[in-house]
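For reference, the structures are reproduced in the following blocks.
There are two complexes below, and they share subunit A, which is joined by subunit B in the first and by subunit C in the second.
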Partner chain A sequence: MITKEATTAAPAPAPAVPEPPRPVQRRRAWDEAPRWQIYLPLGIYLVFTLIPFYWILLFALRPAGSTSLVPWPMTTAHFEKVWTDRGFATFFQNSVLVGVATLFMTTLVALAGGYALARFDFRIKRGFMLALLCSQFVPGALLLVPLFEIFAELQMINSLGSVIIAETVFQLPLSMILLSNFIKNVPYSLEEAAWVDGCNRFRAFRVVVLPLLRPGLIAVGSFAFVHSWNHFLFALMFLNNQEKQTVPVGLNTLMSADSVDLGALAAGGIIAAVPVVIVFAFIQKWLITGFSAGAVKG
Partner chain B sequence: MKISILGRNTGRGRRGRTSAAVALGAVLALTATACGDDGSGSGEGAEGSGTGKIVFWDNNGGVRTDIWKEVIADFEKANPDIDVQYVGIASTEYQSKVDTAIQGGGLPDVGGISASMLAGFAAQGALEPLDERLEGSSLNGKLNKDMIESLRAAGGGDDQLYSVPTSANNGVLYYRTDMFEKAGLEEPTTWDRFFEAAEKLTDKGSNRFGYTIRGGAGSIAQALDAMYGQSGITSFWDSTGKKTTVNDPKNVKALEKYAALFKKVTPAADLNNDFTKMVAQWDSGEIGMLNHNLGSYQDHVKALGVEKFRGIPQPVGPDGKRVQVSNPVDGIGLFKSSKNKDAAWKFIEFAASAQSNSKFNESAGQVPAHADAAKDAWIAKAEPTKLAADALSDGSTTIVQLPYYLPDWNTISKADNEPNFQKVLLGDMSAKDFLDGIAEQLNAAQAEWDEQMG
Partner chain C sequence: MAQAAAVAKPPAPPRRRRASATPRRLPYLLIAPAALLMLGFIAYPVLSVFYYSLQDYNPTKPWRNGFAGFDNFTRIFTEDPLFLDTLVFSAKWVFVEVGLQLMFGLALALIVNQTFVGRALGRALVFSPWAVSGVLTSAIWVLLYNSQTGITRYLADMGIGEYGVSWLSDTSTVFPAAIVADLWRGVPFFAILILADLQSVSKDLYEAAEVDGASRFKQFWHITLPHLKDAIILSTLLRAVWEFNNVDLLYTLTGGGPAGATTTLPLYIANTSVDAHDFGYASALTTVAFVILLFCSMVYLRLSKFGGEK
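Here is the complex of A and B:
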């Protein structure tokens, strides 16, 4: 009663009306902006971005010697030439193998390493993290000769395995840091709850944590795939057999010292770009989430 | 090592651990980058049985892969007990791949070795001297003497031959015959006609230009060709052999005139022209003239057909004499580390023989090194090659030999000075300052070379 009376007899003074939050104002101003102010800059940017792609398509699809600005009459001769005569069918298979193997190896090892960095504390952890970061400053070219000697000792020169291992090793530091940040964002209490329910650590990780890491895994995996797909140096140096080479090395051989077949080069460029475009088209949503979530939390 | 669950360990002594980690990282990085090889590749190799497998690295893989595979198929047919594994490597990456293999092992038996990279490989002791093998070969006396001397001179100063010549390239002035006819201009056989045509053919409003200049990668060699061609100076070094003539006042004046063509009669985008862009825009646009070499002839034929252009030797100077700078002679070398030198030499002999050399150069559009191949009928049909071969052999042309033997030549003529040439084109640096800078570097490199050679 007293409480009721007190509350009814003495109404509390009206709280100060808070100012409308600024983001709402910004959103309104954005919504009210004329459409052209949004689409014109975007359109100009798009034109600048797409013209080089159009140029590549044009050279790839128009006959040799044509100066037409549209790819008509259209020909697939350049694609046939690079795919069959220049060995791109083989290079493509090799690149897929290197890319997929690097993706799985990087993701698997980075997941284990990232979990250790996120959930355990050990004596040299800070130093280890620093070493991971420092490893990003060492260019691959600097390590080329030592890596070459190591792979030669292991009888792995001229084997796709050497490229896969080298690519994985160079991808691991950044991937581990990204995944450890992801794992830190998963509440530790979730794992503890799973342990209480009878799970061991591995099962708790697999059932509770792993499903929540999907954006991070996709980001790390796709980054590893795209990087190894495009990477040129290790494949050039460690692979001597023509049948073992990858797409970037094949593309490079389409330009000789003083002659270049632009149609074949453009067709080769499209063959090289298509898998990357497809990968990004499918995973862009998770990729952006993955990088932003993994990059800023520390 | 103690490991604990995060948040339940206070992390003692972290400053010390961080320092230790930094030190460890530094040690690992230094260890990883250290080279433990003496630079001699993988040993002295062996003569071998003359049969079995050999590996051949092509220094200009890609466009020439097909013709090399044809030559290899012919060789394997003639030598069924030898198997040649072909590896085509892009010319831009060849030197770094061979250098890595010299340091780390894994060199092939045979490799394409042009004059421009010979000094570096020879200095590292990676190549087998070939004079004795050549003396006892059917090739003896059949190969172009000038090409042999060019490769011998480029080999590192010990007067040994490390590469058997296969081809010579030469600077060519390509011009659009249709545009010249329409404008009523004479063939640009002299430098005066060249400059006159460049101006008269230019109509920027119609996106038509008289010339395309090379402002990006490879610009220096082309600028040197234009300079020495105009000045008529016939030697890269003065009479003492210690000072370069590159900054001679006549050359400075010639470069000023040549660089002034930029934007006046050329597209502004030429500032970043490497040969790919330069050739592509000449083949697909309306540009009157292009300086390049024999290598792009087939590209022009594909793009323009044979009716719309001609490729002629560089213009002659006011005294009627033609002076050109040397193009690197291409050849094939035997790596010292080969375990099957006998079979490798058989392949080199076969590839440089009249039949193979003719076949290869017909495809590449270059001047054959074998005397008999140089007489073949196809040369008369490939006009730029014929004119280049004539110019190189009939005494009408003086070749200024560039110092490929200097280990620093590639750095001086590329990375160090190409950005400065762009400054000259943009008017941010004078031609004199540019050439004085190059001359200073060259004189120092030559002095160092002289000192090393005793």
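Here is the complex of A and C:
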């Protein structure tokens, strides 16, 4: 920052520009492309992004059998049908439960582990880090059968607990690495200062470190929520009872029917999208900073 | 030159403090929950997959269960044409998806990294499919592709193509149709990661390049791209593994059809274990898939010289 201002204010220190002082009128900054080079491709890409969203809104809101390209006259019939007749009220409740439980479990466990990785040297640390990285190559979908058997052994088939555990476990490695990087960025001396002031380790962490981890916690927590909200296979496999199923499984049921009720499918899709859109709108500004501070440094 | 600016803060080595009464056990206690969960629900299942791969194991045919040696593996490589077909399709799927996602993601990140009016809104909108699930993506594209009221009908109204065409049920169009659907939600992932990494390029470098008269393309080629290299390698690798393993989208969009035209190896494995209950054989397939994945990842990291020049 400071260096940049210095170079623009004072004449360039380089000997290459000796006599004529820089022209006073504002030079184009390095990152300024001609406007059309931004708006044209962005506009085209936006069309590609937004048409599918518009399409699902259109199908959800226009009466069945209509072929109009505007959702008018508008109807809520599809939503009412999906919500009550097709059981999306129950699915929604289950999904919220799974999402929130996964969020808290992942964040807590990853925070503890991430703190250990960031602040201590211990014997199995390298091995543990390696295991975390390797686990990224383990395909959850290919472990369905043994996982099913484990949950059957634990009497957890048809209970949301099985899905919560499975989602948490597969979220943990990345969350832990991400959080440990965030903790590393908080100077250790801050904690030590708090100890001198008489805090114990836990209190020092809670008072000094935790508030500074907000972007990291938001990133990890919202990933955990969005992933478990969206994920489909575990819920499909471990929950056979219709009362226990989640929104994505409900969507799949609508899609795999012999003749797909497009209006109901669209309305169900919008119900599935609402919480994710809310979370997304909330974390959007944290997302970039969260990644650049935590993830990429490795 | 301006490199110096990038090395502003030397990483302070964490000072050891013995003074605070830190029990030796504390780090172990802290990682215990994570370690136990991962041992129980990742390591143990992985080991049991290896174990089952050497067994005949089918709950619906219990009389045949027992030790099978390498029979399952022999069957994979000698008697099962589906293995090779699905593996080839998986490779094609991963290669095309990751390549296109990277290309468009990079372009998108460079565009929204510029300063322009409406940037915040533009970013929010183009990134939004990132959060959409595979199943929901399928639902949306089923609506778009359906033969009666999908996009083809309105195209036909305008005189493009014919009525009643369903891209998802024709073996010649299903591949591009599925690719586009997955691109829709995959491109923002790359764009977000690359945009995050772009924030840390030192602006001094560009200014220096500007002074030297480098064109914008040269700046991109010599400054931006080298800076992004590690992030690109890592995100393409993670994404490739993810695209290989993830079955949500194809399972719900095409179900692997029509006529097996979009069956990936994991989808084939899922069908073998879930529909045919042939757990032993599915485990052997899983083992092979896992080895292939690991091998390809190592080769990729080696060839791309990840983390080199440091």
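By our rule, the second predicted complex is superposed on the first by the 258 of 298 C-alpha atoms of A that agree within 3 Å, B and C clash if a C-alpha of one lies under 4 Å from a C-alpha of the other, contacts with A are read in each partner's own complex, and residues count from 1 in each chain.
The rule is short, and it goes like this: contacts are C-beta pairs under 8 Å (C-beta built on N, C-alpha and C of every residue); 3 or more make two chains touch, one makes a residue touch a chain.
The model shown is predicted, which means the values in this text are computed figures rather than measured ones.
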With the two complexes overlaid on their shared chain, look at subunit A and say whether subunit B and subunit C clash or fit.
clash
Who does A:A101 touch here: subunit B (first), subunit C (second), both, or neither?
neither
Looking at A:E192 after the superposition, I want to know if it touches subunit B, subunit C, both of them or none. Which is it: first, second, both, neither?
second
Could you tell me if A:L61 is touching subunit B, subunit C, both of them or neither one (first, second, both, neither)?
neither
By the touch definition at the top of the document, which applies to A:I183: first (subunit B), second (subunit C), both, or neither?
neither
Residues of subunit A touched by subunit B versus by subunit C: which partner has the larger set?
C
Is A:M255 touching anything from subunit B or subunit C once the two structures are fitted on A? First, second, both or neither.
both
Could you look at A:L217 and tell me whether it touches subunit B, subunit C, both or neither (first, second, both, neither)?
neither
Regarding the shared-chain residue A:A131, is it in contact with subunit B (first), subunit C (second), both, or neither?
both
Look at A:F122 in the shared chain and tell me whether it touches subunit B only, subunit C only, both, or neither; answer first, second, both or neither.
both
After the superposition on A, what does A:P146 contact: first (subunit B), second (subunit C), both or neither?
both
Give the one stretch of subunit B, out of 256-264, 274-282, 382-390 or 400-408, that collides with subunit C after superposing.
274-282
Touching both subunit B and subunit C, residues of subunit A
67, 119-120, 122, 125, 128, 131, 135, 138, 142-146, 149, 188, 237, 252, 254-256, 260, 262
For the subunit B and subunit A complex, residues of the former touching the latter
1-9, 11, 14, 17-18, 20-22, 24-25, 28-29, 32-37, 55, 57, 60-66, 85-93, 97, 100-101, 103-106, 108, 169, 275-276, 279-280, 284-285, 292-296, 298-299, 302-305
Within the complex, which stretch of subunit A touches subunit B?
64-65, 67, 85-86, 118-128, 130-131, 134-135, 138, 142-146, 148-149, 152, 157, 188, 236-237, 240-242, 249, 252-262
Mind pulling up the subunit C residues that touch subunit A in the complex?
5, 12, 14-15, 17, 20, 22, 26-28, 30-31, 33-35, 37-38, 40-46, 48-49, 52, 104, 107-108, 111-116, 122-136, 138-144, 146, 149, 151, 153-154, 184, 192-193, 195-197, 199-200, 203-204, 206-207, 209-211, 216, 219, 230-231, 234, 238, 241, 244-248, 251-252, 255, 266, 269-270, 273-274, 279, 282-283, 286, 289-290, 293-294, 297
Interface residues, subunit A side, partner subunit C - complex
3-4, 7, 12, 14, 16-17, 30-33, 35, 38-39, 41-42, 45-46, 48-53, 55-56, 59, 67, 69, 109-110, 112-113, 115-117, 119-120, 122, 125, 128, 131, 135-147, 149-150, 165-166, 168-170, 172-173, 176, 187-189, 192, 195, 201, 226, 229-233, 237, 248, 251-252, 254-256, 260, 262, 265-266, 268-269, 272-273, 276-277, 279-281, 284, 287-289, 291-292, 295-296, 298
